[in-house]
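Pasting the structures here.
Here chain A shows up in two complexes: once beside chain B, once beside chain C.
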Partner chain A sequence: MQPILEVKNLKTEFFTEVGVARAVEGVSFNVTKGETLALVGESGCGKTVTALSIMRLVPSPPGKIVAGEIFFKGEDLLGLPASKMRTIRGRHIGMIFQEPMSSLNPLYTIGYQIKEALLAHKRAKGRQARERAIQLLSRVEMPDPKQRFKDYPHSLSGGLRQRAMIAQAIACNPELVIADEPTTALDVTIQAEILELFFHLKKTTETSFLLITHDLGVVAEVADRVCVMYAGRIVEEADVFTLFSRPRHPYTLGLLNSIPARRQPRQKFAAIPGVVPDPKNKPSGCAFHPRCNMADSGCQIGVPALIEVEEGHKVRCFKHKKLADTNDS
Partner chain B sequence: MIVKIENLKKYFPVRRGFLHRTVGWIQAVDGVSLEIKKGSTLGLVGESGCGKTTLGRAILRLIEPDSGEIYYEQENVTRLKGQAIRRLRQNMQIVFQDPDSSLNPRFTVSRIVGEGMHIFKLAPKDEIKQRVKELIDMVGLPLDSLNRYPHQFSGGQRQRIGIARALSMKPSFIVLDEPVSSLDVSVQAQIINLLYELQEKICLSYLFITHDLNVTRQVANDVAVMYMGKVVEVSQTEELFNKPAHPYTRLLLEAMPISDPAKRKERPDVKGEVGSAFNLPTGCRFRNRCPLAINICSLREPQLKEISPGHLVACHHY
Partner chain C sequence: MNENLSLLKPLSPLQMALKRLKRNPIAVTAFFILVALYLTAIFADFIAPYNYDNEDRLRSYNPPTRIHFFDEKGKFHLRPFVYDYGFEFNEFYRRIYIENKAKRYPIKLLRHGDHYKLLWLIPSDLHLFGVDGPARLYLLGADSRGRDLFSRILYGSRISLSIGLVGVAISFVIGTMLGGISGYFGGKVDNIIMRLCEMVMMIPGFYLMLALRAAFPPKLSSAQVYLLIVVIMSFIGWAGLARVVRGMSMSIREKEFVLAAKGLGANPLYIVSKHVLPNTLSYTIVALSLSVPGYILGESALSLLGLGIQDPHASWGNLLSEAMGIAQIQFHPWILIPGFFIFITVMAFNFLGDGLRDAFDPTMEVGRKL
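The block that comes next holds the complex of A and B.
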């Protein structure tokens, strides 16, 4: 099937006073129609910059997309003039941010902000826009949508604010929704409701989702396919079932072991030691080697290639065979 | 028993209008009794707004409770004043949720960690320096951190600074207020491991406040579940996870993200969110969201009852 979004060898860098931060170093992936692709990794590994690059919202300067192509329905977004790009944002690609409080305008009612998206893209006019906005609010299961239409963001709880954001993002029926840590700031009960809502939207509208998160527990709930990112590169890609049952990269394994529900009660567990490297100063060779318990001298020199170990399952690790042997035995 | 609280209450007035008249009360903590055993961890679980942070702070008397008693090592500390409360604060410390807002951005790490010891004159200056170094090492930060500022660290490292600061007073009891909620799961694991290690090494007791039941299961010996200012269930941790009694506890357990895509399920219908603590429903506070609510639930407020040894629940169905 023709993918709706195709990212090819994307490189985004930030030129700062203290050096060049290579936030995204050659990332490629596809999202097909109706699919949910999860981009997983710790803070600072380049997930959000990848998403911002797709929307062409990387703050510039200091940021710049230095190489790569991003095809959305066959059209290269990076070559579009700014005015054309504006018609794509919101109309064809919706975005949900982590912090609803800082991405909703505190001075306007949520109803107005949803209406705004409809008016800007000429999807509705006047009274019709208002009705459509209320419809959207009820679609994201906002209790009492008529009343809430007139509310300001501060008077809503975190969960309801996130619903308003989702209503805004799906207002123009976009083909693709990019959700950047949509549930991270929420309570578990609210998180469950929001994930359920995503699931529902996916089933009813055939929208594709690019879900960005650090929590594989969330991925397990909603994703179809997963790309694990580390230090600006994709280190493993597989469908969600394969990734959870046969991880082939030590970093993926570490993330899996960090899922709270997989930890053993009252016991220390295998955490990934250390922290994500500074993108201005990445380790040589495989960027994960200082934190990897399988690394040897070879890992410090060469950068492993992303190779296909089985159909649709790609890994960037010299030791993937060894990991496969130790894990499956 | 290191800390014991009895029937603790804290109400906040709601003021409205030009004269700021009190029009009502928010019952943030409404008659909570708990015990924390020496060297063990009590997990305090609940959604945002259920009063768990207020309770944690009231135990340390960072917020003065309206009524109820707090005991520390059998001593009633509810009405201590002046020097006595200062002495107590050395023994009871707190680690805050958000390291960004709880570390002074203008202080270096060595000043943040050493400040308490200076104020309490716990040691001569050069000894304090030595002790700060030990603490930094103990929480797993590199020694060159000492002269750096909080913004130069990642979230997990900043949380380590907060832990080092709490440890500097050599406390025996620490309130951990959502210490890992703002962190990546991988970093959560590191911090939980650290807290666990410290507990074994220096026999600390924790009150671990969190909304994440998975984290609770990992760290706590006992768990108390809070809902709108009340404790609705208390139990030993594994018992709570295997035999949750209160419908609210079950709802929380069902909402936890699964760990395996093969076990995807239709989500239970979680009804609504925490109501307003200002307009409390009559009777049981949970009844509006409760799938099992019956007539009596709107009439009488259920009291905590022991249903098996050490397992208490406040629900009319028991």
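The block that comes next holds the complex of A and C.
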């Protein structure tokens, strides 16, 4: 199937006073129609920058997309003039931001800000826009949408604001919705509700989702396919079942092991030692080797290639065979 | 019950700030003083007993007319009355005004007098109060040409009070637009606008004002001078506002909702005008109310020096220009009264501005009952 979004070898760098931060170093992935792709990784691994690069909203300066191509429905977004790009944003690609508390303008009502999305792309006018906005609010399961339409963001809870943000993002029926950590700022019960909503939207529309998160629980819940990112690179890509049952990268394995298990109390929390490398000063070779328990001297030299170990399952690790042997036996 | 309902009504941040403002008695008082001053300015020609140029040179520096309730014989009159004044000279040939108690002149409400146009439209000759000639009613005394100071203060308030608002409105438009664009876009645009700002701010305001005034021909009609003063002062005033608005815009453009608006495909000018600038309003409203006095004082200063509004037209500044000599103040202290009006107005604007600042202060939001 023709993918709706094709990211090829994307490189985004930040030119700061203390050096060049290579936030995204050659990321490639596809999103097909109706699919939900999750981009997973720790904070600072380049997930958000990848999303902003697709929207061409990387703060510039200091950020710059230095290489790569981003095809949306066969059109290279990086080559579009700014005015054309504006018609893509919101209309064809919607984006949901991380902070529901600050992503809505405090001065305008929820309804006005959803109407804004419709008016910006001339999807509706006047009374019609109002009705459409209320309809959208009920679609994101906002309780009492007519009343909430008139509310200001400060009188809504985080979960309701996130619903309003989602309504804003899907207002023009975009083909792709990029959700940047949509549940991170919410507490667990609200997270579950929002995920439920995503699941519902996914089922009822043909919209593709690019879900950015660090929460594997969220991934297991809604994603079809997963790309695990580490230090600006995709280290493993697989469908969600394969990834959870047969991880082939030590980092993925570490992430999976560090999910706190409910049934095993008093067991030491299996965290990955060390921290995410500074994007201005990355380790040589495989960026994960200083934290990897399988690394040897070879890992410090060359960057491993992303190789397909089985159909639709790619791994960027020298040791994937060894990992497969130890885990499957 | 009603209280509960009003709590349920969603309030915008602006409405909440106004609600907080209402709880500040000083600011509310200042606000009502200003409303009263502006209303009297609008209806000046009706309230004033005489027109601004109605003169009687035989009554130069007539002191404030005494208003009587009891006549010569000690008899009480319900309607207050005045006497006509005559004068004689003392040994220094200074006029000494004496009440001529031969005839009483009752103060009449809604008396027909000088012709004017109410609200610049409706021709009328009705005045709120006055006395029949030949006596004259000088509530606050007369100036050198025997014109009623009270009437002239009312007429002068039209210029002095409106100049602040018009000036502030112009510098508000220029200042926020340029500041917003400068802060939001940054880079070269920012550089150009900010250097322009600094060029304006570099020159001491008053000298710039004098220089600009000197650049125009001295013989201009009062309306032209008025416009000129407003333009000159807002030309100086926008720079300070633009600098602060620029700073605020720089921080607001980093806010997530601006990114979200970009993500919706909004164009940059829309984002500046709809998302960035409205978020600077809480500051600009305060800054504006605090800068109105500057315009009033600026006009007064220019007029005091004779570069502003010209006689016979009145403004608080040129009314005060009569009080420049020590002898004038010594013998006719009432000609300082316009200064009192300037004082009241400036104070009221400052208190209102302070109240607004408190009302808009985000740190006041928590822990205060609405």
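Things worth noting here:
Note that in this section the second predicted complex is superposed on the first by the 325 of 329 C-alpha atoms of A that agree within 3 Å, B and C clash if a C-alpha of one lies under 4 Å from a C-alpha of the other, contacts with A are read in each partner's own complex, and residues count from 1 in each chain.
Methods note: contacts are C-beta pairs under 8 Å (C-beta built on N, C-alpha and C of every residue); 3 or more make two chains touch, one makes a residue touch a chain.
Here the structure is a predicted model, which means the values were calculated and not measured.
More chain A residues lie in contact with B than with the other chain of the pair chain B and chain C.
Using the contact criterion defined above for the overlaid structures, shared-chain residue A:Leu57 touches chain C, although it does not reach chain B. In the superposed model, A:Ala287 lies in contact with neither chain B nor chain C. After overlaying the two complexes on the shared chain, residue contacts for A:Leu136 are found with neither chain B nor chain C.
Residue contacts after overlaying the shared chain place A:Leu255 against chain B, while chain C stays out of touching range. In the superposition on chain A, A:Ala179 makes contact with neither chain B nor chain C.
Contact with neither chain B nor chain C is seen for A:Val31 once the two complexes are overlaid on the shared chain. When the two complexes are overlaid on their common chain A, residue A:Leu5 makes contact with neither chain B nor chain C. In the superposed model, A:His154 lies in contact with chain C only, and not with chain B.
Remark: chain C residues 10-14, 255-257, 259-267, 270, 274-275, 278-279 touch chain A in the complex. Residues 47-49, 154-157, 184-190, 193, 196-197, 211-215, 217-219, 221, 237-238, 251-252, 254-264, 267, 270, 272-273 of chain B are the ones that touch chain A when the two sit in their complex. Per the touch definition, chain A reaches chain B in the complex via residues 42-44, 143, 157-160, 187-193, 195-196, 199, 214-221, 223, 240-241, 244-245, 254-255, 257-273, 275-276. Residues 55, 57, 83, 86-91, 94-95, 97-99, 102-107, 109, 116-117, 120-121, 150-152, 154-155, 165, 168-169 of chain A touch chain C in their complex.
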